[in-house]
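Some structures are shown below for you to check.
Below are two complexes that have chain A in common, paired first with chain B and then with chain C.
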Partner chain A sequence: MLAWLASMSSDERRPVPAGPGDGAVLAGEQAYAMAGAVPLLLDQDFDSGTLYALRAAAQAHAIEAGLAEDRTDDLVISVHELAANAVRHGAGRGRLRMWKRAGALHFQVEDGGSRATAGQAACGGEEAGPEAGRENAKAADEGPESGGNVADHWPFLPGHGLWLVRLVSDQITVSSGPDGTRATVVFTLSPEDSSASSPD
Partner chain B sequence: MLAIVSTLKASVAAGESGPVVMLSGEADLASAGQLSDLLRAQLAGGVQRLMVDLSGLRFAGSASVRALLLAGKTLRERGGVLILARPQRAVARVLELMGVDELLVVQGGASRGSGSEAAETGPGPNEV
Partner chain C sequence: MPEYRVVVSIEGGSPVPVSAHTQVTDLSVDDHACLTFGEQEELLDLTAAFVRDGLDSGFRVVVLSDTPQLAVAKLGWREIVTESAVAAGQMVMVASQDALIGPQGFSAEQAIGWLRAQLAESRRQGYAGIRVALDMSWALRPMTGIEELPALEEEIASAVGGAGMSVLCGYDRERFDPVTLALIAPFHSHSVAAATYHDDPVLRICRQYVPPGIRLAGEMDFLAADALALALGEAIRIDGDIAINMANLSFIDASSVRMIMEAVTSLDPSRTVVLRCPPSVEARFVQLGADRLPHVSLAGVDEQ
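This part shows the complex of A and B:
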C-alpha cells in the first residue's frame, strides 16, 4: 500500500492541466468536441442527493451498450467516485454525459466549478488529511499558476475517487479551467462486448 | 443546502461474539457520515469484535469504505477485529480495489469473474 502512496504523490503534484493520463490522451474538451457527432446516451445532472439515480442510469446504459458485467461494476464505481468528487470539491453538483464511440464507452463528469478556486478547492472537508494539507500549502505557494493543477481541485489521493478510476478504467483525462473541473473516462468494449449488445 | 437522500439502511443485532451491523441499500456520500456515526457508537461500548453484514448492500463508495477502514483501525488498536461479511459483487470489488482485504477480515460473499468461488479468507457464501 505504501508503494502506491509514494508513486501517487509525485503525480498529484505535477502541474499538468491535461491530468494524470499520458500525453497522447485527448483533453476533456477535445474528447467532448469529437463526441459531438454521436448521440449522447445519457445527459444527467446530479447533486449529493441524487447519486443513487445517477449510478442506476449509468449502469443501465452501460449494460445496454454491451459492457460486460464486471466492467459495468467498474464503470459504475468510476461514475460514482467522479460525481462524488464533483459534489465534494466542486459546486456541490455536476453533470454526467455518456456516449459510445469507436468501440468504447466514454463518459464525462463536470463539476459546477464555482468552488473550484485556488486555496479553497484543496480543503477537502472530511477528506482533509496530511496529504490534503500538503496540497493546500503547495497551492498557496504557487499562487495563481497552480490553477491548472488538477490535484488542486480534485485530490488525487490513494484510495480516493480519481485514484480508483485510474485503476479500473482504460483511460482518464482530467482538465481544470475557469469553468471547473472535467474528467473524461473511456471503457473500451471488447469485441465480445460489442456483439452482445443486448443483456442476457 | 442540498437535500440529502440517504439510501442506506442499517440495523444492529446482538451476535454470539459481538454486535452485528446489518447494512442494506447503497452507501454513498449521502450516508457516509451516518455510517461513521453508527460504527463509532458501536465501538464506544468497548467491543472487541464487530461484524458488519454487507449482504444487503448493493453499492459502497470509497467514502463509506473509509468509514469501515477507520472503524477497523480503532478495533485493531485495541486488539480487536472488524469483520466484513458477505459483500455483494460490486461492493467486493471496491473493497478489493482499496486493498481492504489486507487490513480487515472479509468473509464470504461474491468474487469477481465466474462468481463460483468464495473470497479466499472466507468460509464460503453458504455460511450464515
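This part shows the complex of A and C:
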C-alpha cells in the first residue's frame, strides 16, 4: 500500500533519535531506562473514563514541546489508539509517560498488566469486542510471551488503530512481559518532519 | 460507563430523549414551536428543514436573524434554494434589529404588530400560508422591555390559531437561563429539537435534517460506538445521499472511522456520501482509505 511504503521509507530516511544501536529493535524497557536520565513531561494513569483527559494532556505537552500542529494530531491519535488498546484488550487501564530526548518526543503506553499480554490480546483484540477480550484473557493463562520487541507480532491490520500508529509515528517498539506490554513511540521534532507524515 | 460521559450539565445540554420532542419535519400550519438548540449548526439545520418544507409547500417564508446575509449564505450551503426564493419574494430575510426592536427597546406590542403585518402581507400576495423562523438570540442582549418576552410568546400563540401561520422560535438552551425557558415554553404548541443519539460534554451526535445525515461535534471515540452505530443505521435507512457533518469534531479514533467507512461501504453505490470535516479529522479518513471509496467525497469546512 502506497501510504504504508511512504511511512516505511520515511522511517529509513530518518536517523533514529532514541539512542545508540538499532532503534528499530530497541525494546520499550530499554527506552524507558534511558528516559530515566531526562525529566518526564507527563506521567498519567488512564482508564476508559479518562481517555479524553489523556488526549488533552498529550496534546498540550506535544504543542509545548514544539511539535507541529498536524504532527501533534498524529501524536494524539497514537496516544489514544495505544491507550484504547490497553483499555479494551489489556487490563482496562494503563499509564502514559512522555519525555523529550535528542530532538524527539517519546511516549510510552503501559497496559497496566493484563487480562492478556498485548501480543496475544492484540491478535484477536484490535477489531474484536469484549467477547474476544475474554477469549484472550483465557489465552493469557497459557503464559506470557517473553520480553523483547514484539511489535512484529502485533497484528497491524490495515485500517486499524495500531496500524495507524505505525503509519503516523516515526518509530514504534513494543515489549511484552509478565507485567504487561509497553509500547514506545517516537515523534521527531525536526521541522521537516512536520510534513513527512502525510501519506499523500 | 466512564464518569465523564454521564455528567449532565446544569446549564442545559442534558440528554434529549427523542420521543419528548416533535421532529421539525412534522410541523404544520398553526403550529407555534419552541426549538431548543445546543449549537449554531443545529439551529441552522433545523431552520433549514423548516424553511425547505415551507418553500416546498408554496408558503411564504420569513426568517429573522441577527445576521440575515450570513443566514442566507449558510442556508444556501444546505442546498436550499434560498437566493432564488429571496429573489422571487417567496422568502424574506429580516434582521431582528429591524423587526422586533424599536428605538425605545423591545415591546411585545410592536413585535406582534410586525408579525401580524407579515401575515397580512403574505395573504395579500396570495400565499396559502406563512412560516416564520425566529432566531431568538436577540433576546439575550440587555435591553429595555425584555421582560415582555413571555408576553410576546403568548401573543404569538393566539395569533397562529387558524391563521395559516406557523412560527418556529429558536432558543439556545446553553445561553438562555432555565427560568426564561420555563416561562416561554408553555406558550408553544410543540417542542422541537434535533433527534439526539448521544449528548455529553465531550460529544454530541445528532440527526442532520438538511442535507440528510448525521452531525458529530466534540470528540468521537469507541466509547460512543453504540450511539454512532444507531445514528448511522438510521441515516442509512433513509433514502438518498447522506451527509456526515463533522465540522465541529476535533478528534476521531480509528474504530469510529472504520465504523463510518463500513456503513458507507454497505450502501448502494448510487448513493453518495459527503464527509464534511476539519483537517485533523480528514487526515484520519484519508489515512484509513476513505478517499479511495468510489461514492465518498471529502469536503472541508467552509470558514464563514
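Quick note on the criterion: the second predicted complex is superposed on the first by the 129 of 200 C-alpha atoms of A that agree within 3 Å, B and C clash if a C-alpha of one lies under 4 Å from a C-alpha of the other, contacts with A are read in each partner's own complex, and residues count from 1 in each chain.
The rule we apply is simple: contacts are C-beta pairs under 8 Å (C-beta built on N, C-alpha and C of every residue); 3 or more make two chains touch, one makes a residue touch a chain.
The structure presented is a predicted model; accordingly, all values stated were derived computationally and were not measured.
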Fit or clash - chain C, chain B, common chain A: clash
Touched partner set for A:Pro39, first chain B, second chain C, both or neither: neither
Which of chain B and chain C A:Pro178 touches, first, second, both or neither: neither
First, second, both or neither for A:His80, with chain B first and chain C second: both
Partner chain(s) touched by A:Gly92 [first = chain B, second = chain C, both, neither]: first
Contacts of A:Leu167 with chain B and chain C, given as first, second, both or neither: both
Chain B versus chain C as contact partner of A:Asp47, first or second or both or neither: both
Footprint overlap on chain A, where chain B in one structure and chain C in the other make contact: 47-52, 55, 70, 73-74, 76-77, 80-81, 84, 88, 159-161, 164, 167-168
Chain A-touching residues of chain C, taken from the complex the two chains share: 2-5, 202, 219, 221-223, 251, 253-255, 258, 261, 279-280, 283-284, 286-289
Touch list for chain A against partner chain B, complex: 1, 47-52, 55, 70, 73-74, 76-77, 80-81, 84, 87-88, 92-93, 126, 159-161, 164, 167-168
Complex interface listing, chain A residues touching chain C: 3, 47-53, 55, 70, 73-74, 76-77, 80-81, 84, 88, 158-161, 163-164, 167-168, 198-200
Residue ranges of chain B in contact with chain A within the complex: 2-5, 7, 26, 28-30, 32-33, 59, 61-63, 65-66, 89-90, 93-94, 97-99, 102, 112-113
